[in-house]
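Each structure below appears as structure tokens.
Consider the two complexes below, in which chain A is the common component and chain B and chain C are the respective partners.
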Partner chain A sequence: MSETVFYILAGFILIFSVLTVTSRRILRTAVYLFFVLLGTCGFFFAMEFNFLGAVQLTVYAGGIVVIIIFSIMLTSDLQDKLEAAGVSKIFFSLLAVTAGAAVCISTILSYKFPALTNNVLDSSMNTIGLRLLGYQENGFVLPFEVISILLLAAMIGSIIIAKKADVNK
Partner chain B sequence: MNFNIYDFTGFVNSIKQWLNSVFPPAVADITGFVIIGICFLTFITLLGLSLVYIERKVCAFFQQRLGPMRVGFWGTAQTVADIIKLIFKEPLIAKGSDKFLFNLAAFIVIVAPFMAIAAVPFAKGLHVLDFDIGLFFITAVSSIGVTGILLAGWSSNNKYSLIGAMRSGAQIVSYELSVVLSLLTIIVLTGSLQLSAIIESQRDGWWIFKGNIPAIIAFFIFIIASTAESNRGPFDMAEAESELTAGFHTEYSGIKFAYFFLAEYINLFIIAAVGATVFFGGWMPLHIGNFEFFNKIMDFIPPIIWFFGKIAALIFLIMWFKWTFPRLRIDQLLTLEWKYLLPINLVNLLMMSVVALNGWHF
Partner chain C sequence: MPEGIGIQHFLILSTLMFFIGVYGFLTRKNLITILLSVELILNSVNINFVAINKYLYPENLGGHFFAMFVIAIAATEVAVAIAIIISLYRKLKMIDVENVNEMKY
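Let's turn to the complex of A and B:
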């Protein structure tokens, strides 16, 4: 059962990944990307990492894709089409893709995945919450706080950029 | 069949056992999924039909008229007639629109609430998805819907649709913050995101009573923000018909228009269900601490009636808002969220943490 689910999800992601890079309408590529991210989220739920699955949904499918679609809506027209790629462009991108795929596949095939038997990962919400804010061993409170400062800096930066100049001056 | 109106666990298990005894395991699983799916589809259809009827009646009574009266007894068959009309209508597609995205958008909008409704606990044992991240799952899948709205506005090739979609996208994304933060205020007390655990923690009283002042403030923020998040009046700027005809679904007709309509009403139900579960104990009857005699009397009323009673009360409250308050302007709407609700919410969350740490709640 879980194997069938895996193959269905894998096929889904593969098809939409290819469509994402080959479509010539810019908003459609964003929508195909949305489906790829939904498929990844399906993997997390299939592996019962429910928290990661829901984070994938909110952050990527509900957040980043919405930002992308917003920016496309503000900048481009419905009839706009990207120009078709030239022969040399197709050739070199195919080359880069094959090289990247070869490196990944050879690494994956050479790695022997040892099955976890004795200590199965506890991915319940409680454990994740305690570990994220834990300052003892295996705690992640320092990276958590550093990331929150980074986010704060990003937000203040974007407000300053978006702020209109003072009209009275 | 051991059917018990107070606890559905045995009933669900007996169906499961019967399926497993008749079919091989894989087929039994799939049959189970299909049965659950059909149950939900039927439920959602009936829900949509009855909510549209109730909305029209509530609206009519607020405006001192009778509303639909001619089809069926007191107009009860009016919405059935409407949906039959919508099914037989020609689905028009505007010239120059992106057909693929145009059709897809309606489905994305309807899929999000379909997924969220699976995690709603209807009664004890009557609960399809009981994740340990239950509440987070509902907010996560609801956030997909906004993509559908943006796509609908963009692919229609219509200025009004585009502006409507932009407004409603900005509105949903901003008010989502307040909804989640106000729910988080109660999660400080429950210590769990699992919906069944949240309900269980209200066995000796609902959080709105037990949680002191911060819980009441959180409920007010929740009901305001979630009304806005579902694009309902007085926050229905996206559809402001006087300025934008009908916002992002201007170009939709027939059954696809019905999808947008249905999605709005299922969202209304999910908001009421989440509010009832987190603040009013879900299907948990009204209990007061260790007042055994009173609790016993309340337990006689079946949980499913408690659940739907609370939901009906919350839905009526939200409809009441729509038909009494005047519509806000878009800048007022965003000011309300970012300058008032969000800061109040953050202070309230801090207050709740202090209350929880000092044990000042009940």
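Let's turn to the complex of A and C:
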């Protein structure tokens, strides 16, 4: 990845992140989030994590954003503007956020990262599949199975929460 | 290895994105926009994991799989949160955080 590509993608992501948290039209915030997710996906592809980029594109940008837009259309009046936060709230939030960001960035800049010794990144589909279902060292079969149960539980839970209350009860 | 781009670039980018998300989380009142801010935070963490995998530990794909599991957890979180938001809307006809203390009783 060349420097130009990095800065273009980073600027794209940061501009749309700021728009996501400041825009006062609710449907537009979801669309701005979609662009942020697309930019992140670009980073994954540029770093040769092709499978992760595809997962990001289908699950995040395809699935989650569509669910969010559906729920916005179900619950909000699209003509309304969101209520702006109070001045003191904005001030104190900005204070906390800049303080946190300053601490993190100064730590990152002062830490000496070790130089890379071997530079072989194998992110082919074959390796990913073997690792994901492997139970030897560096295998991820346990979290893979646990997360399948979590997905099932979340699906049943959200159906039960969102269904209409029984009228005859 | 991408020439010219250090790992610090990626870490600073994801720090900025994380704190933009935190700002949205603190100032927004509508539940769905708060959810969007949480998505922003999770996404910045994904960039972090992937950059560390790429630059520091390229031999085992730990960061890659962590980012994948974070995406899966984010999907479940959104599903449950939106179920709660919709059932709240059915009850209260609005979804601002001030009214959600109704859930306590």
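The definition used in the following text is that the second predicted complex is superposed on the first by the 157 of 169 C-alpha atoms of A that agree within 3 Å, B and C clash if a C-alpha of one lies under 4 Å from a C-alpha of the other, contacts with A are read in each partner's own complex, and residues count from 1 in each chain.
As a working rule, a residue touches a chain if its C-beta (ideal position, glycine included) is under 8 Å from a C-beta of that chain, and two chains touch if they have at least 3 such contacts.
These numbers were taken from a predicted model, which means no experiment stands behind them.
> Should A:Gln136 be classified as contacting the first partner (chain B), the second (chain C), both, or neither?
A:Gln136: touches no partner chain.
> Based on the superposed arrangement, let me know which partner A:Ser124 touches: chain B (first), chain C (second), both, or neither?
In the superposition, A:Ser124 touches chain B alone.
> For A:Met73, decide between first (touching chain B), second (touching chain C), both and neither.
The answer is first: A:Met73 touches chain B but not chain C.
> Applying the document's definition of touch, where does A:Arg25 land relative to chain B and chain C: first, second, both, or neither?
It touches chain B, and chain C stays clear.
> Please indicate which partner A:Ser110 is in contact with in the superposed arrangement: first for chain B, second for chain C, both, or neither.
Neither partner.
> Applying the touch criterion given at the start, work out whether A:Ser88 contacts chain B, chain C, both or neither, answering first, second, both or neither.
Once the two structures are laid over each other on A, A:Ser88 reaches no partner at all.
> Based on the superposed arrangement, let me know which partner A:Phe34 touches: chain B (first), chain C (second), both, or neither?
A:Phe34: touches chain B, not chain C.
> Could you figure out whether chain B or chain C reaches more residues of chain A?
The partner that reaches more residues of chain A in the superposed model: C.
> Just which bits of chain A does chain B share with chain C as contact spots?
1, 55, 63, 72, 74
> How about chain A: which of its residues touch chain B in the complex?
The contact residues of chain A facing chain B are 1, 25, 27-28, 31, 34, 38, 50-51, 54-55, 57-58, 61-63, 65-66, 69-70, 72-74, 78-79, 124-126.
> Inside the complex, what are the residues of chain B that reach chain A?
26, 29, 96-98, 100-101, 104, 131-133, 136-137, 139-141, 143-144, 146-147, 150-151, 153-155, 157, 162, 165-166, 169, 173, 192-194
> Hey, which residues of chain A end up touching chain C in the complex?
Contact set of chain A toward chain C: 1-3, 6, 10, 13-14, 17-18, 20-22, 26, 29-30, 33, 36-37, 40, 43-44, 46-49, 52, 55-56, 59-60, 63-64, 67-68, 71-72, 74-76, 82-83, 85, 89-90, 93-94, 96-98, 100-101, 104-105, 108-109, 113-114, 116, 118-123, 127-128, 131-132, 138, 140, 143, 147, 150-151, 154-155, 157-159, 161-162, 164.
> Quick one: in the complex, what on chain C touches chain A?
Touch residues, chain C against chain A: 1-13, 15-24, 26-30, 32-33, 35-37, 39-40, 43, 46-47, 50-51, 53-56, 58-62, 64-65, 67-69, 71-80, 82-87, 89-90, 95-96.
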